[in-house]
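Chain IDs A, B and C follow the sequence of writing; residue 1 opens each chain.
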Amino acid sequence: MNHFPQAWGRPRDDVYGAYDASYLHDQNGPKAHTQSPIVTGTSVVAMKFKDGVVIATDNLASYGALARFTNVKRLRQFNTRAVLGFGGDVSDMQYLDRLLSSLSIRENYSAYASSADSADATEASAELNAKNLHTYLSKVMYKRRSDFNPLWNAILVAGLDGDGKPFLASADLLGSTFSAPSLATGFGAHLAQPMMRRVVPNEAAVANTTREMAEKAVRDAMKVLFYRDARSMDRYSIAIVSKEGGVEMMEDEQLEGQSWAFADRIRGYGTQVN
Amino acid sequence: MTSIGTGYDLSNSVFSPDGRNFQVEYAVKAVENGGTAIGIRCKDGVVLALEKLVTSKLLKPGANKRIATVDRHMGVVSAGLLPDGRHFVSRARDEAAQWRRFYKGPIPTSALANRMGSYVQAYTLYSSVRPFGVTAIVAGWDSEAELPVDGQVGAGPAVGAGGKKEGGKQGGPFLYMIEPSGLYWGYYGAATGKGRQAAKTELEKLDLGSGELTLEQGVKEAARIIYVAHEDSKDKDLEVEMTWVSALDGPTKGRHEEVPKELREEAERLAKKALEGDDDEEEGAERMQE
Amino acid sequence: MGSIFQGAPIPEGPGYSFRETPAVRQAPGPSSAAGERQHGFYPYTDNGGSTLGISGADFAILAGDTRSTSGYNINTRYAPKLYKIGGDAPDTPPIALSVVGFAADGAALAERLDTIVKMYRYQHGKPMGVAACAQRLSHLLYMKRFFPFYVAAILAGLDESGRGALYSYDPVGSYEREQCRAGGAAASLIMPFLDNQVNFKNQNVPGSGQGHALEPRKPYDLPRGTVEELVQDAFTSAVERHIEVGDGLQMMIITRDGIEEVYRDLKKD
């Protein structure tokens, strides 16, 4: 019997050798940060029209080249006047989603308590608009990149600004931000942007772009992306934010009117498997 | 109170020989002076209503809201010491947020009541603290929908392991009242504050147990009850604050919100009318019917 | 007895492994699990674009194109690189900052400087002079010497005597007051042009002599109209030869009356 209680149950070094701690993380070693995204979403596309914004993503989350999750909603509604579209790492997207929902809960603690009289301060003007949300989000992203611990996403914020005018802006893992009449992340920057820029080349063109025109351009862009982006799929989500309609979210859209004529002689495309 | 003056009421957490904790009982006294607060659990939601006595003409009407939102789907109203009520709300918000961080979903109303009950009770145990001078009413709607985990993506399997159970019933309206002792019960209708006796009498008449009262009716009854309970201190000016939380397909979509101004004013108008009617008929047997 | 329970090794007898982590950090190598690793994340990008500043007798001009790029992509055709600094309270001397390089750092830097200049006013009850502001900006940049703001900054304002003041910076805070400076992607295209047209480099007074007797043309304060034309010409030329420059030209003209903002289109190709 060993008389030292702290030795009980421990293997003797002379029998088993010293404990091999090499598998354990070195306490003084480098802190683990995201080095690369794991499960990823592809492009986000969005464009403004005269009284709102259309935004879309497909419903796929890829694991490298594997189409891993086929029913993942990458558009998130923040409130009645802001929608986010996430590209990049899905777990970071989930983190941001939780962060933003806790923010929205905290905002709503005082949503009506701060407006002294609900008659003279409208409910809507008290809550965060898309512009506020984008500012907050871009600071989170920039802080994390400055800590060398990035949130591996490219995000589009679509909605209305403080004046109720259409707002569309981007934020990414580096904390870079920019705004334009149409925006697209990832592959969409190459394929969807030219299509959308044809409709809204500048802010002036936004004023005479209808909701139908914008929605068609975005849906067409989603189709082209499905044709040419290998990490995309034909089920997608689209949201329309406008002053009148608030947020209309459609999360299970099917790409209509596909044409695989160009692949006439190529086997393995579309419904033709071999 | 046989033990008054014998020293057993001087320190918190000390029992008197006949098994009472006087400090807690004094806290209840503090509550009994507060403006009346009630909650009504209806078929499709919960209403909270509060009688606010206008203590000064210098206060802006409609400002200084006292019914608080604790989480998206939950609200708290309290009667008694106002600062104690705010601390209660602050703690409740922390609990709700912590629950979300831990379980990635909204806290059930029962769980919040339980945690807050424990918290309040802890303030009866130590001589270094005093009990809460509030009785709080917690109203919540636990979602009837199959809730996604916060931040969840995808819908999960449609069938098989982890698949959906058909026809499972969950969620609904909940109402709890937490007293200074830490005691809490779930209620169909709850009332506290100065006019609680009158309010309880009125609540009992509503037959809430049968679950027939709709939320809209509940709002009107709540306003009326606040006015009835106010009768005794009629000389003072009154303001009614009301919030509600409904089902996902109801007016608030499962969220705790202020009752819209138009509806509240309509309810107050009817309440005043009903009271005048009562005066005419001496015995208030006739209840307002919408 | 107490020491037994503190996990001290027992002096004699068989040894036991109490330590769960190695005492000495292991050298990186194939056998060790925890070795040095390279970061897979590069925290910078170049958003292209170009800026330019010229100072005059009683004004200073800052200009920048509004294109923002990622590689060959155009992020947007309107992303201003020019920031007003210190708010616009009545007696505040006008100060403007241009930043080009990594736009996120640029925006962060401008916001910090803006806050500092505003706070200075609250704390001292007087506005910050442009010279103080210029030095503070240098400190801001140098504070992050080992994780720099990846930007070329130009600060413009009016000095205490009302002359145009222009300060240019490298990413780590080295700075100098100058007559003119170009920054960013097309700096190497614009700067020689400015040397020649603002400081009259390689220009001589005609007929002043032969060889060493040839007199260099003396620079003088250019009038505002001339400077605006120079800026316009510099950018239209840069747009022709640099793919990251284009879309729009934003100018801030700083005079004692405040900051005048001008926007003109540039080629969008």
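The working rule: a contact is a pair of C-beta atoms (placed from the backbone, for glycine too) under 8 Å apart; a residue touches a chain by one contact, two chains touch by 3 or more.
Remember, it's a predicted structure, so these values are computed and weren't measured experimentally.
Colleague: When you take the mean of every protein CA atom shown, which chain's own CA mean is nearest to it?
Modeller: Of all chains shown, the one whose C-alpha centre lies nearest the global C-alpha mean is A.
Colleague: Busiest chain-chain interface by contact pairs, anyone?
Modeller: Here the largest contact count links A-C.
Colleague: Indicate the whole-number Å distance between the mean C-alpha point of chain B and the mean C-alpha point of chain C.
Modeller: Once rounded, the distance between the two centres reads 57 Å.
Colleague: Can you work out the whole-Å distance between the CA centroids of chain A and chain C?
Modeller: A distance of 31 Å separates the two centres.
Colleague: Counting only Cα atoms for the centres, state how far chain A is from chain B in Å.
Modeller: 38
Colleague: Of all the residues in chain A, which ones touch at least 2 other chains?
Modeller: Answer for chain A, listing residues that touch two or more other chains: there are none.
Colleague: What positions in chain B touch 2 or more of the other chains?
Modeller: Within chain B, no residue touches at least two other chains.
Colleague: Could you say which residues in chain C touch two or more other chains, in rising order?
Modeller: Residues of chain C touching two or more partner chains: there are none.
Colleague: Please give the residue numbers of chain A that touch chain C in the complex, ascending.
Modeller: Touch residues, chain A against chain C: 4-7, 10-15, 18-19, 21-30, 33-36, 138, 142, 145-146, 148, 150, 170, 173-180, 183, 189-190, 193, 202-203.
Colleague: Given the complex with chain A, which residues does chain C contribute to the contact?
Modeller: Chain C reaches chain A through residues 4-5, 7, 10, 14-22, 25-26, 31-37, 39-41, 43-45, 47, 68, 70, 73, 75-79, 102-104, 107-108, 147.
Colleague: Would you tell me which residues of chain A are touching chain B in their complex?
Modeller: Spelled out, the residues of chain A in touch with chain B are 61, 69, 71-74, 90, 93-95, 97-98, 101-102, 105, 108-109, 111-113, 116-119.
Colleague: Which of the residues in chain B end up touching chain A in this complex?
Modeller: Residue list for chain B touching chain A: 60-63, 65, 68-72, 93, 96-97, 100-101, 104, 150-155, 255, 257-258, 261.
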